[in-house]
Amino acid sequence: MHAATLPPDALRERAAYYERIGARNMTPLWEVLGALVPPQPRTPVQAALWRYAELREQVLEAGRLISAEEAERRVLILENPALRGQSCITQSLYAGLQLILPGEVAPAHRHTQSALRLVLDGEGAYTAVDGERTTMRRGDFIITPAWTWHEHGNLGDEPVVWLDGLDIPIVRFLDAGFAEKGEQQSQPAQRPEGDALARYGANMVPVDYQPRAAEPTRVFVYPFERTRASLQAIAQGQPDPHHGHKLRYVNPATGASPMPTIGAFAQWLPAGFETKPLRSTDGTVVVCLEGRGEVQVGDATWRIQENDVFVVPSWHGLQLRAERDMLLFSFSDRPVQQALGLWREQRL
Amino acid sequence: MHAATLPPDALRERAAYYERIGARNMTPLWEVLGALVPPQPRTPVQAALWRYAELREQVLEAGRLISAEEAERRVLILENPALRGQSCITQSLYAGLQLILPGEVAPAHRHTQSALRLVLDGEGAYTAVDGERTTMRRGDFIITPAWTWHEHGNLGDEPVVWLDGLDIPIVRFLDAGFAEKGEQQSQPAQRPEGDALARYGANMVPVDYQPRAAEPTRVFVYPFERTRASLQAIAQGQPDPHHGHKLRYVNPATGASPMPTIGAFAQWLPAGFETKPLRSTDGTVVVCLEGRGEVQVGDATWRIQENDVFVVPSWHGLQLRAERDMLLFSFSDRPVQQALGLWREQRL
Amino acid sequence: MHAATLPPDALRERAAYYERIGARNMTPLWEVLGALVPPQPRTPVQAALWRYAELREQVLEAGRLISAEEAERRVLILENPALRGQSCITQSLYAGLQLILPGEVAPAHRHTQSALRLVLDGEGAYTAVDGERTTMRRGDFIITPAWTWHEHGNLGDEPVVWLDGLDIPIVRFLDAGFAEKGEQQSQPAQRPEGDALARYGANMVPVDYQPRAAEPTRVFVYPFERTRASLQAIAQGQPDPHHGHKLRYVNPATGASPMPTIGAFAQWLPAGFETKPLRSTDGTVVVCLEGRGEVQVGDATWRIQENDVFVVPSWHGLQLRAERDMLLFSFSDRPVQQALGLWREQRL
Amino acid sequence: MHAATLPPDALRERAAYYERIGARNMTPLWEVLGALVPPQPRTPVQAALWRYAELREQVLEAGRLISAEEAERRVLILENPALRGQSCITQSLYAGLQLILPGEVAPAHRHTQSALRLVLDGEGAYTAVDGERTTMRRGDFIITPAWTWHEHGNLGDEPVVWLDGLDIPIVRFLDAGFAEKGEQQSQPAQRPEGDALARYGANMVPVDYQPRAAEPTRVFVYPFERTRASLQAIAQGQPDPHHGHKLRYVNPATGASPMPTIGAFAQWLPAGFETKPLRSTDGTVVVCLEGRGEVQVGDATWRIQENDVFVVPSWHGLQLRAERDMLLFSFSDRPVQQALGLWREQRL
């Protein structure tokens, strides 16, 4: 019998009971079971788009209001419209636009949160991870894995803006966050630039290297140039009807995702190609790196172009139409869901 | 310069800026960075104890107020006092006390949430998983893994109360929940009782069985009798100063935890033994199955006895003192944290 | 052109060439390619049977001829008739019958070879592995993994005979054998009997235990009583047409075979059951522990009964007919072949 | 008591006994135990060197004696001097020099044996694997994994010679070899050259690709140009005293060796560098791709230069001295030994 149809006495009795057990920190499951165990995902996350052309000025304005040093990281968080105040773009992921001005340093720190960086705008910045610097070029997929010392700087003469993606909500949810600030602003270089990529990223690894369980990749930069060349090469073959040409980044020492909490993907759609709709349980953040086109996420339809960022909530259909050759970067919590046996995908 | 020391004009300027960017679903990281990336876990979860002796009557009262069939599952959720309204005992775990009366059936359903059951009180109930029943005896660790059909029933003549532990908050956080109700109340038996334990639980598996990635164990019952005998056997050796004698349940076909989202443990402390304090990042739910003693969780100290349930929040020191031989069952999200490279433990 | 059809001059020219390159340690592939890369396995191993009733006296006679101490291990190797002098029963496995008389000790040693023991006859013996003894009962599957100290003794009053299975040919083939003799005949007991089984063998493991890569199981005894009970339980279900009821032993901390080089299996055929023929690439040693029946291996057909041992060479069809309920133990190099991606099986 | 010291009667008695049990296919372990379970590896394999300058003419002569088509593969096997007639360079590995003349095709076949190819001499050849061709350049590490269709051809105008490395002895030892000839000489191209490297070899893989257990890499060519550049980059750092700068090739979709049976390595020694001695249980085949120097293997010392091939038997010390910058390629059965828990290495 549905509670709404109970006689008033029964309702009062239940209410009194709920109050009594509430005093003991107990509450009845049967009043919430449907919401707790829904027939399919009912995410609170909302489809949303951030058009870079409309945001660029606001991002640059942050450079006038606060220094990189004062901010530690001068970032505008992209907050999901349905989750304002929670510092997240999906329930499990954080995204933001970071600005670093010529001559600035975002000082060295480390934390158990894992991060990715994807330069959108400007040249001359670098990221250093555990004593090795990498020059940040547009589209490079750069990571600062959990508990690695990292800093950023801008050695050029123009502002640089990149997208940050972190697992902050995951680490907060699991109550497992640790952080430290470096004693110095900047860590001394211990290896020449390119060392990690040569040592771990050319389908070879050091002879005695055996990664620990859940160890993130030592390859902390996936150069855009190489990614783009690979996508163009495979684009000579047949596209997948739902994906076009889509690759996932891996840790070449394990085959796992570069970081255990965040999966990342690069996708190429030839001009004129339209994907069939697809949905999956991993809410995903997508960046348009090249080209332009139209995207449909659930009921929303947007035109997108370079540097636009949008979010596809869990179990929302996604459909893409490329007007020009389109290159998309995306990231999600897919490796978490796969490790836990929870990930599902449906081709519609 | 700390924001509090800014001149009023600067503060106004920032506030206006925050409003402007807020309209674009952006917010400044630097106002929240410390909270997002704390130096060590600052869990909102609170240490808490549920004394079974004080709750038993309230649990039984639920049997008068609502039928198992109406409730689908007649459970009182143990809500963390600091997280009321969120149906969870830690941020990632759900716990509840389920009551099933003689003759009742909690009808068949399945969902992507994983569950464990631990009988505290009463005899005569059974759980059926994918067509095999197991009689539920006190202390048996029984699981109903993700997406398996399961039902419960009480064939005896007394009320039965067990502890439920689920990963509901994890699945909700990841927006990955699916559920279905069975067409019939009860699934027909396909195999005799004991089949799964014989087939997968005697350090052998079917000759051609190869578990899928992240597949939970086919052993859906870990009999208390066997667990207890093992603990007593190893208790002839030296106890660990921080653990006493502690085992973790495994999926014997993989060595992983029985379910990918929940780790479970059995622990034996000889009368008079006192553990040294220990803390870890996995908030843990502990049940006293036998004996009595004292427990310190962070700043709280409680006396505990049979069927009491308490929660140890992340990074809170835990110390145990056994007055009589004490047997504890516990569960946490440790396998999740280990899969993601986030788990830490510190012996104090 | 086939060599046989070459004109005499060409043949001479080739022979002279072969001689010239032979002096440089080179030889032509084309003369042997067919043998090196056969269309399907052409094992030199021969199907063979050892009837225990005919061997028992000879085994016991060894007890009069040589002491356990002098022999270090008093074993009669079962040599494949086609591989005499090579100390192996298949190309990759060694098997033997070991005899230990009342009061004797086979002194402590260790080696990188992995071994299994299966008591066939007599009571009162024990095996000790790294300081823990286990009483050896008929049918118990006992292992002494690579590089563990082990010894055997007979505390009873009758001769005990067991089957040894080792990976000696594998270790020899890989040139990777190390061995050491203990300083004392007997290793002091460090743990009570049953400790390993309680600690690792009850679907639980020590809370902090993480096996190393390729680590063998810490469960060094799989009691026959438990194996037999499991087989009888699953025999209530439908038999597989090619296997009857067949389980493989696992390391419950990993799901892998108990030792990385040797897989072991227990099989139950109800009286009257006849398997359909099956062949696989892992040459297999089979022991009849209970019952009697008929076996066909390739072209050979034998009647078998308790304690008979036979070998099924690679890719030879195997068919079994049980006259009485039959319980078979078997072992092979299957985990090696599976680790290398080489194992194949065909249901005929 | 040592057998040699037994009285004549006892010796005769034993001999008669050995004969009796020999008739039953049994033989006494105690007469051979020391050889079967040696204190450390006593490999029959001999250190050996093949100087390319001395062999080149003989290899080319094979081109006059037999056609590629007649030979199926025109290869001179490098036979270990101590294992003549066994078609192997160590007990577990096969190596050979393959010659293909302009216009020739080594026709399509497949087998469960895994192979590597390393061009030493000449340009213009290609290898095709499952429908994709790769142009073979000197030093490229090319593989034709188990059960993949493969063929070779020479489209250039000079003879091409490469080193073949196969696991033929392993597959023979395990009795697990299958082979098929293609219906056509040449498989039609299904993908453009470079597809596999773009799809699997740029630290990304196809979005839905999940390798099977023990699946070899889809990257079937590791271009020498990239390997060389990586070695030069890491050579800016400190060399390891025993290795210089040494990398192992990996399957970037798993981190395992490219093929489950054969590990491969690339090593750079700066001019003037001398390694400290090292020994390991995996007998290894080494090719000098660049430079010159001196090598000591066990008691043997040789001067080596480009294209020389030598073998380091198990547990033989290896020491290298580079006179000019030296680049070595090597391969061994290390992944087999590691999968089986048998591999050991000792820095001397």
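Residue numbering begins at 1 within each chain, and the chains themselves are lettered A, B, C and D in the order written.
Methods note: a contact is a pair of C-beta atoms (placed from the backbone, for glycine too) under 8 Å apart; a residue touches a chain by one contact, two chains touch by 3 or more.
Because the structure is a prediction, the values reported are computed rather than measured.
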Touching both chain B and chain C we find none
With centres defined as the mean of Cα atoms, the chain at greatest distance from chain B is chain D
Rotating chain A onto its identical copy chain D by a Cα superposition takes an angle, to the nearest 5 degrees, of 180
From the mean C-alpha coordinate of chain A to that of chain D, what's the distance rounded to whole Å? 43
Could you please state the distance in Å, as a whole number, between where the Cα atoms of chain B are centred and where those of chain D are centred? 51
Distance in whole angstrom between the CA centres of chain A and chain B is 29
So which stretches of chain A touch two or more other chains? 213
So, with touch as defined above, which chain pairs make the list? A-B, A-D, B-C, C-D
Quick one: which bits of chain C touch chain B in the complex? Just the residue numbers, please. 191-192, 194-195, 197-199, 201-207, 211, 219, 222, 226-227, 229-231, 233-234, 236-237, 243, 246-255, 265-266
For chain C, which residues are in contact with chain D within the complex? 1, 13-14, 17, 20-22, 24-30, 32-33, 36-43, 45, 48, 50, 54-55, 58, 61-62, 65-66, 70-81, 84-85, 87, 90-92, 94, 96-97, 111-113, 146, 168-180, 213-216, 260-261, 281-283, 313-315, 333, 336-344
